[in-house]
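Naming follows writing order (A, B, C, D, E, F, G and H), and every chain is counted from residue 1.
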Amino acid sequence: MLTLYGIELASHLLLGTAQYPSPAILMEAIKASGTGVATVSLRRETAGGSSGDRFWSLIRSSGVRILPNTAGCHTVKEAVLTAQMARDLFATDWIKLEVIGNHDTLQPDVFALVEAARVLTDDGFKVFPYTTDDLVVAERLIGAGCEVLMPWCAPIGSAQGPLNLHALRSLRGHFPDIPMIVDAGLGRPSHAATVMELGFDAILLNTAVAKAGDPVAMAHAFAKATEAGHAAHRAGMLEPRDVAVPSTPVIGTAVFS
Amino acid sequence: MKLIVNGETRDVAAHFLDALLTELQFEGDWLATALNGELVRSTERPECLLKEGDRVEILTPRQGG
Amino acid sequence: MLTLYGIELASHLLLGTAQYPSPAILMEAIKASGTGVATVSLRRETAGGSSGDRFWSLIRSSGVRILPNTAGCHTVKEAVLTAQMARDLFATDWIKLEVIGNHDTLQPDVFALVEAARVLTDDGFKVFPYTTDDLVVAERLIGAGCEVLMPWCAPIGSAQGPLNLHALRSLRGHFPDIPMIVDAGLGRPSHAATVMELGFDAILLNTAVAKAGDPVAMAHAFAKATEAGHAAHRAGMLEPRDVAVPSTPVIGTAVFS
Amino acid sequence: MKLIVNGETRDVAAHFLDALLTELQFEGDWLATALNGELVRSTERPECLLKEGDRVEILTPRQGG
Amino acid sequence: MLTLYGIELASHLLLGTAQYPSPAILMEAIKASGTGVATVSLRRETAGGSSGDRFWSLIRSSGVRILPNTAGCHTVKEAVLTAQMARDLFATDWIKLEVIGNHDTLQPDVFALVEAARVLTDDGFKVFPYTTDDLVVAERLIGAGCEVLMPWCAPIGSAQGPLNLHALRSLRGHFPDIPMIVDAGLGRPSHAATVMELGFDAILLNTAVAKAGDPVAMAHAFAKATEAGHAAHRAGMLEPRDVAVPSTPVIGTAVFS
Amino acid sequence: MLTLYGIELASHLLLGTAQYPSPAILMEAIKASGTGVATVSLRRETAGGSSGDRFWSLIRSSGVRILPNTAGCHTVKEAVLTAQMARDLFATDWIKLEVIGNHDTLQPDVFALVEAARVLTDDGFKVFPYTTDDLVVAERLIGAGCEVLMPWCAPIGSAQGPLNLHALRSLRGHFPDIPMIVDAGLGRPSHAATVMELGFDAILLNTAVAKAGDPVAMAHAFAKATEAGHAAHRAGMLEPRDVAVPSTPVIGTAVFS
Amino acid sequence: MKLIVNGETRDVAAHFLDALLTELQFEGDWLATALNGELVRSTERPECLLKEGDRVEILTPRQGG
Amino acid sequence: MKLIVNGETRDVAAHFLDALLTELQFEGDWLATALNGELVRSTERPECLLKEGDRVEILTPRQGG
């Protein structure tokens, strides 16, 4: 059972809603993923338009909990205002806090991130910070009131999978009681299994599912791999060893010569 | 009166934010608004007086990762 | 659907039967894995004993198909005779052909392997050769009549996972129509997902499940990861890219300054 | 007559392989047998004559990977 | 030619002075490494003692330039005061700025690091910040007046070598004109060659040399590997390719059959 | 000192002679590499031509020892005849034995390789077999009379560097007294350093040097990296550790608060 | 007068930092000093007046990475 | 008489391999020769009699990896 800010969730997978071939496929993918949480953004409405309403009613019909993001924000001010508008619109105090620090890597600006996290938690938000694998930054975010962390494992949309297992392992080990969701950079179900095996609590996916040849099948595949990694972490895995060890018993082997 | 709405200059008659939304046919039920970089809650729009040159942002739910 | 020598199997996982804490746990693990095939060996019976009968009736009660092995054989002669005794005893022409070439790595002796494979296929066996990731060896085994290959990905029982993805990818690509089962060296569900994502048809596990803290849970975890990798391979995965790409749309982003 | 059964020297009375199994109380229903490195099918055991110094292997199902 | 704050150095290797089996071996290692810069620290002198004098005269006799560090500092205040004492003692405005943020990983506290860097550059210091591979942090340090960066590649003394080549490559690429010295985590000459091949300007070593079986030989080996990586980066390396390509010409091959 | 079939060589690098921009650059690269051995091939001469003479007098003028190869041979017969013609022409009993088993990977056919090695050693040749990282194959080659092994680390010309360090380490460890030259697949000096650190005795390069932007500089860089890796292996390297360890002494640290 | 010198409480007669170094036999030529968390340059020590309870740090060059 | 030389059919007058090399102007000093898949040492060429349809390979040093 995954517990985020007191909310219990059956699935260890969170899903983004962008870049799907069609709204219908998005809805099927949400279903196939078994997710209980979907991320959304806020963008400008066009005069006379109501595209927002259509998308929103679609998402609500899925019955999943909404996690609005501050994607595209580059300053504390932008992120805080976007979070406030999201709370007014979606009537939730959950916010996925993104403060982008670099256009090429889309990595967080950890300085602005910590400051925005403090402002928002003081304002009553339940912040889900998109952060790096930096231990010290994690400590600051927790100090700022975050009860969940969302470290990246590779640049957003890069599908490269975990680039620094050592740092992820160390981050996980230092804060055993903080729910940690690996956000950004996952490309394949094996990547999801790998980070869950390290003891992470959940993953947040978007591009790897939405841009797959068959997003619905891929959503299901990621769901299975995530559960597999989670179960393996709890079941206790064999440590790698440098020597081979026979599986079949050696004693009682026939001698024919 | 001239305002900047979602980055575009508009000449409008409305004096209040809720009236502005109607005038510009923002008919969606799901909108979030900001005036000059400050949140304006949906409940506050009727009392939200606009003045020349104000910057208004009108946002709505969109796909996100 | 996995097809091995004309037999269709629902599960993409084959399971070894050695090293479990107890017969009961073995039976539960078989069930949890969903496997349709279990490997067994032949060993000396002790006078007056009937341990073989007890183990055998247990396995049969699981209803899975039996794949006897020639574990511990180091020569063509030993492997061929062991295969013949297995056929007489288990009434199956399936044989997992192991001819060990090195005590430390427990790797196949590819020279004896190809020769034994030829002898056994000529004698009507359906051979499942435990081999390396060597393309040329694979070609010889296919030439010798093998319709299934079982390449290792790391030394038996080492739990190291795939040590040479390049070689595995190349092996898979050269023989697209030969069912290939990754045998030996897998340690974690993510390893299983990784090789299935490469397009391998199945995996054969033993130590990683039997020696896990909770073998039954681990068997289930591997089953999920295997299906996840298989589904992902068919669904079409995103290629890793060196640059980050925003998932949330950029167009329509608010400007607050 | 002396035989080597599963690596151990045994002094036995039996002249045929099936009788040997009985004499040595190999009572399992699931056995595979070899004589001097050659397979002896279960059906062939009654006619399988043993001679001094023969090497007999009697195998049974066991756990395997 | 390596240029650090206007000083030209022939060697691309900087060497730490701690943990050597003996002062004599330290001196030989400095010589064998060909380094032009050695790091030192400040520690409490014992009343009546003059161990500091002995060590200091030894180092000065080597003729290398001194880079004092703030090792062991955990706050801006400690680091700044230590830097000031170092300047008074060593009569150099160079300072290797370490502000440790975590006892287990000995990683920098990037928040305190940037603040201390600003204070010290304002006070006229030439700061060599020991930092992470975070791009945004690098940008802040440059903004604070640092003209050299010293990213880690793995935890101090871990000898693990570069744990995140993607991040290092990205860091290098974003600031092509800032001299970057990989500091901490290198264990083998091949690690040094690897980061130099990425285009880093120099490496700073200590434990990998001092704790080697033969520190003098190891210092020489690292020097060679560093120059090799530097030269290879300038000479233009072959890109890895997925297919094999014959080196020996195919045309004119004899046909004997 | 590297000893190959009783011949002592100062350099641990062997160099191929193909694909250079010009004969002049080839000659400079040989010089810069410091190599004592260069590989050459045999190809059809064109009637009226004497290109062979020109190339040959060029190579001889370099003063290095010649190692003819059997590149392009796919059968035992081809390889053996090519070796015999090479011996007649070059008046050397050294032969780099290549028997290619796959057009895409250009990997050795280990079956034909072992057979050809036996035929040639019986005929008095000193065989340098281009082989895989397979232990059992290595054992057969040694049994066939080979006193030197040349395992690949990646496909020829792929520049991917060592793809399976575990197999290379294991191969090296099993035959400590057999000189082993890593042949094929190296792309960068760091790759050369890596395999030399594992204890290999030498490397054979061609494409990575010949196709570099500056082949002469690259030859020199590889020479340095090779010596660095060799020296490091002998000097005794630090084992990687999972925890950080301060290099600067902790005792005597000032307390300022 | 009682001071804390490099973490240890010392009872000293000296009233100035340079005198303290002499009294405590810190005879090294290569020392750096701080008083109550502030740098005292070597040139400032003769005028650096000490008072009861001051914290003095006296540092010297050491191996470092 | 017709021979296949380095894969090409040639009509030649020479009866011995060394004469063939001269006739076809293979003037290099550094050649290796094979006749019908068998080595012909340089010293053996004068006595190496050719017959209709023989396959001759004439090789020379070339760049190699």
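Odds and ends about this structure:
In this text, a contact is a pair of C-beta atoms (placed from the backbone, for glycine too) under 8 Å apart; a residue touches a chain by one contact, two chains touch by 3 or more.
Small disclaimer: the values here were computed from a predicted structure and weren't measured.
The chains in contact with subunit D as well as with subunit F are C.
Chains that touch both subunit C and subunit G are the following: F.
Steps from subunit D to subunit G, minimised over paths through touching chains, total 3. Summarising the inter-chain layout, the chain whose CA centre lies farthest from the centre of subunit E is D. Between the CA-based centres of subunit B and subunit E the separation comes to 54 Å, rounded to the whole angstrom. Chain centres here are Cα means. That of subunit A falls 46 Å from that of subunit F.
Chain geometry summary: the mean Cα position of subunit A and that of subunit B are 33 Å apart.
Between the CA-based centres of subunit B and subunit D the separation comes to 94 Å, rounded to the whole angstrom.
Shared interface positions of subunit B, i.e. residues touching 2 or more other chains, are given as 6-7, 34, 37, 57, 59, 62-65. Of all residues in subunit E, those that touch two or more other chains are 16, 18-19, 41-44, 69, 71, 77, 81, 104-105, 107, 156, 160, 166, 206-207, 242, 246-249, 252, 254, 256-257. Contacting chain pairs in the structure are A-B, A-C, A-D, A-E, B-C, C-D, C-F, E-F, E-G, E-H, F-G, F-H. Taken in their complex, subunit A has these residues touching subunit E: 101-102, 104-105, 107-111, 114, 132, 134-137, 139-140, 154, 160, 163-164, 166-167, 170, 174.
Those residues of subunit E that touch subunit H in the shared complex are 246-249, 252, 254-257.
Remark: subunit B residues 6-7, 34, 37, 57, 59, 62-65 touch subunit C in the complex.
Across the interface of their complex, subunit A is touched by residues 5-7, 24-34, 37-39, 41-42, 57-65 of subunit B. Residue ranges of subunit E in contact with subunit G, taken from their complex: 16-20, 26, 39-53, 55-56, 59, 68-69, 71, 77, 81, 84-86, 88-90, 156, 206-207.
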